[in-house]
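Before I ask anything, let me first share the structure, which is written out below as structure tokens.
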Amino acid sequence: MSLSRRDVEGIAHLARLEITEGELPVYVDSLSKILSFVEQLNAVDTQAVEPMAHPLEGETQRLRPDAVTETDQHAKFQGNAPLVAQALYVVPKVIE
Amino acid sequence: MSLHTRSLAELAAGLRAKEFSAVELTRHFLARIEQANAGLNAFVTVTAERALADAARADAARAAGRAGPLSGVPLAHKDIFCTDGIKTSCGSRMLDNFVAPYDATVVERLAAAGTVLLGKTNMDEFAMGSSNETSYYGPVRNPWDPATVPGGSSGGSAAAVAARLVPVATGTDTGGSIRQPAALVGISGIKPTYGRVSRYGMIAFASSLDQGGVLAPSAEDCALLLGAMAGFDPRDSTSVDVPVPDYAAGLATSLKGVKLGVLKEFFSAGLDAATGARVEAAIAQLRALGADVVEVSCPNLPLSVPTYYVVAPAECSSNLSRFDGVRFGHRCQGPKDLLDLYKRSRGEGFGAEVKRRIMTGTYVLSAGYYDAYYLKAQKVRSLINADFRRAFAEVDLLVGPTSPTPAFAIGAKVDDPITMYLNDIYTIGANLAGLPAMSVPCGFVGNLPVGLQLIGPHFGEARVLAAAHAYQCETDFHRRLPAGFA
Amino acid sequence: MSQAVREGWEVVIGLEIHAQLATTSKIFSGSATAYGAAPNSQANLVDLGYPGTLPVLNREAVRMAVKFGLATGATIAPRSIFARKNYFYPDLPKGYQISQYERPVVEDGSLEILLEDGTKKTIGITRAHLEEDAGKSLHEGLANASGIDLNRAGTPLLEIVSEPDLRSAKEAIAYLKKVHTLVRYLEICDGNMQEGSFRCDANVSVRRIGRTEFGTRCEIKNVNSFRFVEKAINFEVERQIDVLEGGGSIVQETRLYDSAKDETRSMRSKEQANDYRYFPDPDLLPVTITPAFVDEVRATLPELPDEKAGRFALHYGLSAYDAGVLTASRELADYYEAVVRALGGGGAAAKLAANWVMGDFSAFLNRDGLEIATARVPAAGLAGLLRRIQDETISGKIAKEVFERMWAEACEADAVIEARGLKQITDSGAIEAAIAAVMAANPKQLAEYRAGKDKLFGFFVGQTMKATEGKANPAQLNELLKKLLGGP
């Protein structure tokens, strides 16, 4: 798979990553190489093979009791926040 | 015998016998860090004050008769484990300003065992790398040759233990990130079965592959620390509720009659000849110790690298979406709107390799490509897993090299991602199948160490550790120190 | 507001209902789910998407989803999978929503709705799946910025997706109300639309009658009352027909309903983020639901609304409509049955109770915005009043007055009747005396009546009632008036 500049710009947008003009050709090249590399999987016959999402085959999800275990710690948790006002995380205006 | 040349078991015994105090032991290692870290760049953060306080507490506990087996033992955590009140950077500019507000389960358990935290070790950014060159804090150097890499992503932990700046350190292994650096710096490293060690508080790279483990001089040291880390954690849905055996007590198990499978696919083209020769010599020694050695084949194993480079980036692209400049982490200056906030915060906060993997993962999950890439890789993962299951129906352990070459020069592979990715060709399989695996030192090529890899069946850590220990009882590669660090 | 669809067109609607499940803690964390808490006080590390944190599934949320599945005759998946829906939005802390995609917990259910003409229609429920709610973006009080409150993030939701079986806004509302009733019966959702515990998105399209393929649909978001859902759909239908009749075509998009302007408009901000890159969440294992678990949940199912309505119609002799109204909520049905029981049952009592519960009682509840639990007249109190109608102590008309006092003063019927002297006059001598006095006072009207002006009968009823302060037994009064007015 050979990606175009447009492809990579599209992927970067979907992933919300700013890529500079200088970086773009580097990613076009390396992402194309990586995709070509992984395409060797296409040669494998996987008909009737179940996909494996998880190494713990046969394990199932544990269910927790419905109980409140947490207390209000927003001041501590917001210690890492870049911008907070009135206990809210502040972002540029969300337009709906 | 100076303190830093002793094993973890010996240090614990010395503390128990009050031969030295935890504070003395801590000061000794802090002094070594002070002296050597600038050259190695193994630590991102040194927590000297906290360490001395931990040590004083451990000494007080001992005086009061409340000391546990690991009380007062110094250690370091890979900077991927969240530590309450201490910067947890994950090797990234994104988290350069991040102080975790909680302890990872691993950190909590080891603190409860009375260990002393010396600091947080350098690593490839978000654990994405095999050479420790992707860290925002610069490359870590291999104590055996500072011009070479220590491997990655747990390169800081590996280098720190190899240079005995700390007796033992934690690491994480998603595709070889404990075993490959352990091999490249001549120490022991174990990645347990997926689900054995809690992932809670361990910053996720690829959730279905990540597993915490230990880097230490010997298998015995690994057993001691792993025993204190492992076990069921209700906060991690993928943690398995299987009792943890006493790994240290099980070390004495003999190799007699143990069936070892030599993985044919691990001795193909791409394996450095001298490295292969050291590994084969080690296998011969295992045979001499009574093991029954046979050749086995896992025909799909060569597909593990391409499989991994679909699965891991897919998971990472999603796992790293939470770094958006809103609640924590890097935020760009003066965002003009929401999109700008996201794109620049993430563009500036992540390094090139992380961005490359996020984009790879975004692509393989996107509409129209999911089946061709992601689903296909999941199916091949099934085939690889089935290969291992068949192999373990015949043998007790699988053996082979950990890494195709010894440590390579810093900068040698940074421009070629595929070549870099192929470093993990022998280690990725165990992650895809969730198997316990470990690397132990088995010789040198020139002055650079070589690692032997042992892979066990699910929850077979005890068997892996016992085999490694039996080998180390007959060899001294794990006791050798790099010049300048003796 | 009669909204007959324009001739030649057919409307196709499917609803996606988000019901917040009434658990005490969140779906993947131990944070509280209470509404109205201080900003971010109920968002823990997991809810905030802190690095290293992991989700663990709430058993109660699964139980509630299964309960809904059983109540709609659906298939309960023995193995269901949680997936990640990836998109960036400030109220979505992890950059993905944990939801279910390929294998939801509930599939292939249905509900029956009653149409206006009295016929029934089955509406298919494609699926119902578990997912986590997002937080909220607040726009007031911050200059050119939004504030994010993540208290709601991680609240469990059951997303209930209907088949495109609905053919009008009225049908959509009937279905929506049906689901609303059901989730409250099952006690899996409080149904509070103002607080957003029960929300609805409508997928609306139109097509020329006779066409079999669906038209392009638009999704209308943010409709938070039954009335607005109806208005939003009707607006959207008109808009789409206008576009198509004008030669244009419909663009598939998400539209927002603006209740102030009564219109829908395009949500451009949602347009870009449509490649959600769903994949199985590696932090969560497959959810296994055993037959034993299903049986355990089945044992907790209450009598369902349709069963209850059927029983009411049969047992109490009510019309299908009345039975439907009285079973619209479990509380109302329980109240009604308590009144009937207190009256000792019987067809007449059941009918009388039905009229009062649906009439004055419901009207007063609505007027004061009260719930059944806080109603000023409890079931025993209403039964006490109705007993006085049955034993003819008071007339139905006086009963309304008594009820009003009971509601205002929270007291018993007998106390009001006693204190205000409202007891009905059944002594024929007293009534005859009153009639005689009225006849004496109105000789002109009496003469006219006797000359054949029959409609003056009502005048004499009114005057006599007035003279007895409304307390004369109406049947007796009628009988005696006829006799006395007719002359000696």
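Letters A, B and C name the chains as they come in the text, with residue numbers starting at 1 for each one.
Please note the rule applied: a contact is a pair of C-beta atoms (placed from the backbone, for glycine too) under 8 Å apart; a residue touches a chain by one contact, two chains touch by 3 or more.
What you see is a predicted model; the values in this text were computed from it and never measured.
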Central chain of the complex, centres being mean CA coordinates:
A
Best-connected chain pair, where connection means C-beta pairs in contact:
A-B
Rounded to the nearest Å, the gap between Cα centres of subunit A and subunit C is 41
Chain-centre distance (mean CA atoms) for subunit B and subunit C, in whole Å, is 58
Just the number, please: Cα centre separation of subunit A and subunit B in whole Å.
23
Name the residues of subunit A that each touch 2 or more other chains.
13-14, 16, 53-54, 56, 59, 61-62, 64, 73, 77-78, 89, 91-95
Within subunit B, the set of residues that touch 2 or more other chains is 98, 101, 208, 234, 237-238, 317, 321, 324, 326-328, 338, 342, 362, 366
By residue number and range, which residues of subunit C touch two or more other chains?
45, 48, 50, 56-57, 88, 90, 148, 275, 277, 282, 284-285
What residues on subunit C touch subunit B, complex-wise?
45, 48-57, 84, 86, 88, 90, 93-96, 148, 275, 277-279, 282-285
Looking at the complex, which residues from subunit A come into contact with subunit C?
13-14, 16, 53-54, 56, 59-70, 72-74, 77-78, 85-96
Of all residues in subunit B, which touch subunit A in the complex?
97-99, 101, 194-195, 208-209, 234, 237-238, 240, 300, 303, 306-307, 309-310, 317, 321, 324-329, 331, 335-344, 346-348, 350, 352, 355-356, 358-360, 362-364, 366, 372-373, 375-383, 385, 417-418, 421, 431-434
Show which residues of subunit A lie in contact with subunit B when the two form their complex.
8, 11-20, 23, 26-27, 30-31, 33-35, 37-42, 44, 46, 49-57, 59, 61-62, 64, 73, 76-83, 89, 91-95
For the complex, give me every residue of subunit B touching subunit C.
81-82, 88, 90, 95, 98, 100-102, 104, 199-204, 206-208, 234-238, 314-315, 317-318, 320-324, 326-328, 338, 342, 362, 365-367, 370, 374
